[in-house]
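Take a look at the structures below.
Look for chain A in each of the two complexes below; its partner is chain B in the first and chain C in the second.
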Partner chain A sequence: MSKETKKRWLRPVISGLLVILILLGLQRLLVPKYMGDTPIEGAMIGEYYDTPKLHDVIFLGDCEVYENISPVDLWRDYGISSYVRGSAQQLTWQSYYLLEDTLRYETPKAVVFNVQALKTEETESEAYNRMTLDGMAWSLSKVKAIQASMGEDESMVEYVFPLLRFHSRYSELTKEDFTYFFHRDVISYAGYYMRVDVKAAGSFPEPRRLSSPSLPENTMEYLDKMRILCKNNGVELILMKAPSLYPHWYEEWDAQIEAYAAQYGLAYYNFLDVTGEIGLDYSMDTYDGGLHLNLSGAQKLAEYFGDLLVSRHHLPDRRGEATYQDYWKEQETHYDEGRNKLIEELKKNEKE
Partner chain B sequence: MKKNNRGLALVTAMASMLVLGACGASSEAETTVASVPETEAATVVDTATKSGEEESKTAVAAESYGFTYKGVTIHVNDSMEGVIEALGEPVNYFEAASCAFEGLDKTYTYTSFELTSYPQQDGDHLADIYFKDDTVKTEEGISLYMSKADMEKAYGTDYSVDGNSYIYERGEGQLVFIIEKDEIVSIEYVTTVKYLG
Partner chain C sequence: MSFTSYGFIGIICLLTVVYYLIPKQFQWWLLLIASYALYLRAGHGYVYFLLATTIITYLSGVGMKSTRFSKNSQKAVFVLGLLMDLGLLIVMKYTNFLVENLNGILSALHATGRISYFDLILPLGISFYTFMAIGYLMDVRGEKYEPQSNPFRLALFLSFFPAISQGPISRYDELSKTLYGNHTFAWERMKEALLRILWGYFKKLVIADRVAVGLQTMVAAPGDYRGGYVVLAMIFFALQLYADFTGGIDITIGIAKLFGVELVENFDAPYASKSVKEYWRRWHMTMGTWFRDYLMYPLLRAGWMEKIREGVKKKWGKKASKRFTTNLATIIVWLATGIWHGASWNRVLWGLLNCFFIVASVECEPIYSRLDEKTGYRKRKWYPVLAIARTLVVMSVLRMFECFPKAGETLMLLGSLFTTWNYGEVCTIGWLSLGLSKVDYVILAVGVMIVWTVSLCKARGITMKVVSKRSYGLSLGLVMALVIMVLVFGTYGHGYDASAFIYNQF
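Presenting the complex of A and B:
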């Protein structure tokens, strides 16, 4: 090939690569970072991929999971190695595909699914979809999760090329978009979202009449798919209802889950029924009036739930096993630093 | 133009079209998903009005079912600010943070009914009206504990059924009756505008 021919081919190739690089750079700059002042919960799903896959328990669900379950406390109290794959308003089909996704990396002994999301039969918001789906690593599971979740105004191409969705953010760029261009901070503690502030529970609107006593068929179908997927992989599926006081968890729904669990021999723990035994005090163990627990509440729940996981589900105590020890030592340090920082901030705010 | 320059121009043009084309496709006022959740553009910006006063409703708002209380008529999708101004302060107000965004679940409780709102870029709008007792009635005269026949007499039989719910559609709102043992046990006006629930 002559020099001239080479040149003729090289230029457009280099130019094309340059354009692609610029577009990728723009995309990186314009996509939400979920850091700093933006809702940081959007960063949680992605954090899982950077952790060693050494988990005996995986928790799935919405904020009732990632704001109430503290894996570091489960480790400290019982040596249980767990991770919360929770995300904001995580819908049941998203939990299913996140389970599929998780099984690509590891096979835990148990999966705990929080049943609150079963009441939601359709996608309500692109914002929440993005907070769950954008963080997922690309795989067939992610593609299917997007297909199952997309609302009318969403399209697959915008998930594949987020620049097409977020191009208009150029006028709203903040300091965070530049600070977190190359890296992200780790904001969760093995998937747990920590809060140390206190806002006592007050009164709630009276629950409204249900038009149908049954949970939606489509969400129950995905629960069933989760059950079968767990069974096929030798994973025990455990159902839980977090002790969140609002939105209301109806007796009719509870009875349906109890019946489902009994039919398939699954354990179902409704922690709303045992708040006294757990020792929860909603005047001090919640940061938002009873919707979610703060750290003090999450520690009490970890102590109670951890005991169940060990005594009834025979989860191993990994303390003393070198590979686990190293991983959790790092998590504990991160957790302690995070807690201390939050307490300092709280004290500072109280003074002001 | 040389051939290779043409190639470069083509690639650049395609990339520009890709980005700019997308810009053009969604030129409406946009917010980012990361900041305020994007919802469909508010179709109705109505202000609650006293009966007899000159109304400033859009056509869509006028079509949806109205609820009149002490001379004030409100519709789902009305501006919440206007609704509160017209009805007065509620007996109780409850605001719950949803999973990640704060202040999205707001409930305003009046003696005999309850209102909830949804956020739009121009402020909160009325999401639903829920009857708490039988001292209030719909504009067509239906209150709690009346019969299915009463409902059908007032609204006809052009409803859809979902479980125990009988749903009448009008404009961007629904009027939903729940009937148990031939008795209306729940009456609710609901928006059909999609929003962050």
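Presenting the complex of A and C:
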């Protein structure tokens, strides 16, 4: 190849790379960082990829999972190594594809799916889609998750190149966007979103009459796909309903899930039925009036659920195993620091 | 498929790669297939009309040159082809306008019956490809060139996808030079094409679609936005129309250039015109020259016009007869231009008002000349600026008939300029109540400055072609700047409903 030919081809290639580099930089700057100014739930799905894949239990679901289940407490109390793969308004099919995605990295002994999301048959918000899907690592599962989740005005290209979606954030950039240009803080505790404040449960609107007693067909199909996927991978699927008082969980739905679980020999725990046994006090154990538990509530739930997982599902106690100890020691430190910081902030706010 | 959709951009990238990989003799076939595939995607029903026009034009073109036909038969074939092409356009575009007016007459006569509207679709780009077909037939008839013997080649001429939805209205002899050629990949041409496309997207997405948000607010509730808001509407519409249409044409010309096809320019700094007549020589030039060559000149040469000319000549002399027939032809041309832009009385009025300013300017020219002889005002430094400003104001007022759909409403709004004194409110809080933020206004201002600077450079001969040839670093810098500006400051994507190109509706 002559020098002139080389130059003719090299110039556009280098120029193209330069353009790509600048665009990648802009993309990094403009995408939401989910570190405080923007809802932090958006950062949680992505954090999974930075952890050692040493989990015996994976929890799947929406806020009822990531705000109620505390893996660090499950570890401390029972030596259960677990992780929550949950995000805001996480839809059933998103949980399914997150399960597919998780199985690319590890094969847990059990997967716990929170059934509340089964009631939602359609994508409700692009912003929630983004918080779940943007954090997923690229794989066929992510592509399928996007395809299944996209609303009418969404486009696959905008998921591939988030700059196209978030370009107009140039007018809302904050210090956070520059601070977290190169790195992100770890904001969850093995997928758990910690809150230490208290807001006692109040009254909720009367539940509306159901137009249909059954849960939507499409979400039940994804539940079935989840069951088959678990079965094919030798993973036990456990169903749970978190002890969140609202949105209302109807008896008809509960009966349907019970019947489904019985049909396939799955365990189903509706924690709303055993709040007394768990020891939940909704005047103290919730931070938003009964929708989600605070740390005190999550610790009680972990103690109760951990016992079930050990006694009925024979999950091993890993506390004596060196490979797990390092990982969980780090998690415990992060958890304690986070809790102390939140308590300090709470005290400071109360004083003010 | 819109020029601004991700899918379209993806298809163009793919087509460009395939175009230069396949044997050169198949390149125009690929363009034909792509043109029809994209046209089908726009709507299945549209394609029958495009096919019909193509078949009629092909048969008429070949027929009128066939030695098997007598001279009279050849003329009949030409007239028939012309009437059928035009008939399709008239039926599809103006039938319901006719029904609307007939119902209006019935209502005025207090008659009980009403004519039902027809369920007609307006095929995409029908006004453009019909004009191209008519131009082709008239040129063949006038022996400007031989008819195309390959129907598929003619089909490509009429359906070439970058230009079908908003022009330019190409002439067969010009377009055919590069449309069917065997093209080799050339970096220089690609660079030039890319710059042109990006420049088009900049105008469309950064300026036109941004200003459209504010304009739509006012158009949706004209009763709420009078007085000073009408001035804003004039400015907004002037910006939107220019950026949208010239941006669309830039993208069209750029895409054609990717395939080595050269399309004619459609604009020549129209907002720098010193008169309405000059404006129309610089705006949508291919439409202007089409009306001139295929309507104005044939009208002036028509037998009945000759008779009128003779009649006027006998009464008022030769000079007056020439002026009379020219003005008569101008009125007919502007009636046609108005109705071509849209089937509504608003458009007819708009056309006639444009005509009025053009004819008045021509008729008053002797007065202006005498005044200039006495005062020399045309030689003053400020005169060109004043003339440009005057034309901008006149055109902005006339464009209100394009912007608002009803003639009565438009007149009411123009009247409110003098009756509703809310200019203070518009300048303080009103301008921020139209859906545009301060940041939007800053981006618009910078965008307009950039467009203006580029126009000045172009006037001094510094075109994109020159830039892309002379300095690699500068053209790279321009590409990067345009990519970044379009991607970051463009009005597109989730949460935006990008307006379709305004001229797509014709």
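General remarks:
By definition in this document, the second predicted complex is superposed on the first by the 350 of 352 C-alpha atoms of A that agree within 3 Å, B and C clash if a C-alpha of one lies under 4 Å from a C-alpha of the other, contacts with A are read in each partner's own complex, and residues count from 1 in each chain.
By our rule, a contact is a pair of C-beta atoms (placed from the backbone, for glycine too) under 8 Å apart; a residue touches a chain by one contact, two chains touch by 3 or more.
Note that the structure is predicted; figures quoted are calculated from it, not measured.
In the overlay built on the shared chain, the residue A:Ser155 is in contact with chain C alone; chain B does not reach it. Touch criterion met: A:Lys33 reaches chain B, while chain C stays clear of it.
When the two complexes are overlaid on their common chain A, residue A:Gly289 makes contact with chain B while staying clear of chain C. In the superposition on chain A, A:Ala88 makes contact with chain B only, while chain C stays out of contact range.
Put simply, more of the residues of chain A are touched by B, taking chain B and chain C as the two choices. By the document's definition of touching, both partners, chain B and chain C, reach A:Glu126. In the superposition on chain A, no contact is made by A:Val198 with either chain B or chain C. Once both structures are placed on chain A, chain A residues 8, 11-12, 15, 19, 22-23, 26, 126, 153, 163-165, 167-168 are touched by chain B and, in the other complex, by chain C. Within the complex formed with chain A, the residues of chain B that make contact are 3-5, 7-8, 11-12, 15, 18-19, 22-23, 26, 30-35, 37-40, 92, 94, 96-101, 107, 109, 114, 130, 132, 162-165, 176, 178, 185-186, 188, 194-197. Of all residues in chain A, those touching chain B in their complex are 7-9, 11-12, 15-16, 19, 22-23, 26, 32-34, 38-39, 41-42, 62-63, 88-89, 124-128, 130-131, 151-153, 163-169, 172, 202-206, 208-209, 211-214, 246-247, 288-289, 291.
Residues 6, 10, 187, 437, 439, 472, 476, 479-480, 483-484, 487-490, 492-496 of chain C are the ones that touch chain A when the two sit in their complex.
Chain A makes touch with chain C in their complex at residues 8, 11-12, 15, 18-19, 22-23, 26, 30, 126, 153-155, 157-158, 163-165, 167-168, 170-171.
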